[in-house]
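Scrolling down, you'll hit the structures one after another.
Shared chain: chain A. Partners: chain B in the first complex, chain C in the second.
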Partner chain A sequence: MSEGLNYQFLVDTFFVALSGVPIALIITIVSLLIALPLGFLLALTRINRIPVLNRFAQIYVSFVRGTPVIIQIFIIYSSVPLLLASIFEKYNINMNVYDVNPIWYAFIVFSLNTTAILIEVFRSALSTVSKGQLEAAYSVGLTNVQAFRRIIIPQTLVVALPNICTATVNLIKATSLGYAMSLQEITLRAKVAANVGYNYVEAYIDIFLVYLILCSLVEYLFKLYEKRLRRYKAVNV
Partner chain B sequence: MMLEITNIHKSFGNNEILKGVDLQIDKGDVVVILGPSGSGKTTLLRCINFLEKADQGHAIFGDIDVNLKTASKKQIHEIRQKVAFVFQNYNLFNNKTALENVTEGLIIGRKVAKDEAIEIGKKALDKVGLAEKYHAYPSELSGGQQQRVGIARAVALNPDIILFDEPTSALDPELVGEVLTVMKNIANEGTTMLVVTHEMSFAKDVANRVIFMDAGVVVEEGTPKDIFVNPKEERTKKFLKRVLPEDYIFYI
Partner chain C sequence: MEKYFDVTYIVESLPMLLPFLKVTFLVAGLSVLFGTLLGFILAAMKIGNSKIAKKIAYGYTTILRCTPSIVLLFLTYYGIPAIAGNFGVNINDVDKIVFVVITFSLQFAAAMSEVIRTSYESIDKGQFEAAVSVGLSPSQAYRRIIFPQAFVVALPNFGNSLLELMKEGALAYTIGLIDIMGKAELIIGANYNTHALEIYLALAVIYWILSIAIEQLFLKLEKVFSKGKQVIKTT
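And now, the complex of A and B:
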């Protein structure tokens, strides 16, 4: 450190960290694809007080919210292989559980985690759309699915979008914890590069910048989308 | 007989709201239901359109004969094609323009071709005096204008009957008139209407039949003159005394 920052390493490692972006994005997108519909449906069970499912969603949310993501990763990453091993053994599947790409565990952890957050996001957003509009939709002859697709969901999305954006950004940042299961994402790649010459400060600055750029970009895209969605509200608010 | 309801019952928990109501409506009738709040007027309307499921009761809508409790999804859908509803709180689709509010049910619910639906929708909005507001969103409209869109939405469906659930109760007093005028106009065109309202003048001037409900039963029904001038039942007299001004003189 006495020699100051190693600028060459700083620049080189920036691109090493950048090469982890696709993995972080794939995990984010897959998790959102699973969590968005699941979170919406479970939020509906909460709003409509569907017996059993409502209760399940409530407990599920408290479990996930009440535990650190890193612990959830440790639990999934250590317990699922054990489970798989016993299944493989029972059905004589010739496969080594430790050859499974850790990205699969990341999909599981982060979609479970994001689902819980989105349940709460959609629950509050759904309650801002009056039930009367649903009744009006029925009364003009729309089916349940049509009413939700055309009337309720578009309005719910507008309200939920800022929170979905926050959840997405949090998710991108949380993928950095993937290093704990040797996932080749941004943080791990930069840290491995730093190990060689102990250039940790440079590596951390690179990681910092990559996440900052990535998250700002995502926020910007969300803003554009929100602007498009809330045309109908532009006038009075 | 266009609509015949028999022995409709509905409870919310231990609270029995409707205790066996019968109702007959002929084509072209304008029937007004009066009654104190909590008497079950709104619930009756909502049960007719299956927004609430009745605990018991039977209905004949033209050629559809249906048990109000066990009606199938298909039957409910068929009946909703014949019955339109105007809500107290307008319940416009906030993400749709006035015109889209009116055409939504036509295009999606009834599979009318888009061009034709827009034609019908514009006519309906013209009729309620909103020719300038086709492309306005509900948030850009006053309460009275929103309710007129609500009425246009019902009229455009060309239903056999329109149910009005206290259409002016949520409005500023100064906006009530424009909505009542629109309702009078469509009544004069021969639209069959069942109206829950507290507007006595509307009942007097437009209705051909008035029903007085209290505590979940029909207490008395007759022409506006029967009810307002010569009420027979004690409960009707008491109610009218409360809602009509001291010096109210009833002209027919």
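And now, the complex of A and C:
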């Protein structure tokens, strides 16, 4: 144990870990693409108090925020195959459930998870935009869609962006749990490489570095975008 | 034919899981204790005048925020014994809970340092000046004026961090700690990996109830402590 770090392995595994980045990014981007519109719509139902959906969104958010991601992963990963199997059986689809790429389960878990977080983000952001803005937009003749696209959403986005950034970083971090679904992402790849010679310390240093670079990069990009969006910010007098 | 999904497993597993909440609470409690202490130090470094201390504290927060807890967990679990081994100290017999507590204390400290800093900065500087001007010593001013106000501001964020900590704590099973998640894994193993879904659902219910309880508790606490808060009236 006391022979110090294996530097050759450290460097080699760094690139192994790096090769898992695309998968982590794909999951992040797909989840965000699903979660952003869905979160926004459900946030609107929360704000406008649409009877059933409002309640549903509330319970949904409370459940997702109240349980660990790893348990959500396990629940989806053990329930969806059962559902799929019964569906396949019913419609005589000749396909083995175990051949489904785990990345599909990852999409489901992480987009469900991120949706819940974004509902809260958008809800608080939407409530900062005053109602008069919408009324003013109507009064100058904009349609509902136009009013949202040109007036409400830009203002909401400015407020919501820092929180969306946090959600994205958390999402990237959460993809490290994909190993539980045998997903070939950063953590699992490095860990498998480490299994050969028990070089766990080196492997985890590599994983750590990869996530650090990835998340810093994402935070930096969000900062840039935030700067661009700042021109929409309402000036408080 | 055996059923794929059997609700009785949920009900049966609950009494088996609940005793292990103790371990979960122990980890959370100790992590909160050490994490808050370290968080105070970090927040003091951020607020203070020293540029180097500021850089270190902010760097620490950024790095810890960018690390998934599972990676940090394994890094401490494999890393600390390796470092200790280099100095000829054998700590392979140390209980796993120590590593778990170290990991989550480090992580909680990063969150807490931000919570403490923002709540401190939310208190108007005039409060301190006013306190000193009526003859309180600086330490008195901090203790009697600044701290009670900052505490109320910090409370909701502290509650959020605590919830986050408890949920991340579920990952401790990966290094073999038997908390309620670890026990669930054991039960599933004992069932030959069948009926995993029911056990996980039971677990989810426990965590859900727990977090709702904590949330409500903090709402109550906030109400209790903010009774002295003066709301500025706009005329």
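Note that the second predicted complex is superposed on the first by the 231 of 237 C-alpha atoms of A that agree within 3 Å, B and C clash if a C-alpha of one lies under 4 Å from a C-alpha of the other, contacts with A are read in each partner's own complex, and residues count from 1 in each chain.
Assume contacts are C-beta pairs under 8 Å (C-beta built on N, C-alpha and C of every residue); 3 or more make two chains touch, one makes a residue touch a chain.
A quick note: this is a predicted structure, and the numbers were derived from the prediction, not measured.
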Exercise for review: Return first, second, both or neither, reflecting whether A:Q133 touches chain B, chain C, both chains, or no partner chain.
Suggested key: first
Practice item. Could you figure out whether chain B or chain C reaches more residues of chain A? Key: C
**Study point:** chain B versus chain C as contact partner of A:L142, first or second or both or neither
**Key:** first
Exercise for review: Quick one: classify A:L212 as touching chain B (first), chain C (second), both or neither.
Suggested key: second
Exercise for review: Check whether A:P154 is in contact with chain B, with chain C, with both or with neither, and answer first, second, both or neither.
Suggested key: first
Review point. For chain C, which residues are in contact with chain A within the complex?
Key: 4-5, 62-63, 65-72, 74-75, 78-79, 81-82, 85-86, 88, 163, 167-171, 181, 196-197, 200-201, 203-204, 207-208, 210-212
Practice item. Spell out the residues on chain A that touch chain C in their complex, using ranges where they run on. Key: 1-2, 4, 62-63, 65-72, 74-75, 78-79, 82, 169, 173-174, 176-177, 187, 200-201, 204-205, 207-208, 211-212, 214-216, 219
Revision key, fill the gap. Counting only contacts in the complex, chain B reaches chain A at residues 49-51, 77, 80-81, 83-85, 87, 89, 91-97, 104-105, 108-110, 137, 139-140, 153, 157
Study note, to complete from the structure: The answer for chain A against chain B in the complex is residues 129-130, 132-133, 135-143, 146, 150-151, 154-155, 158, 232-233, 235-237
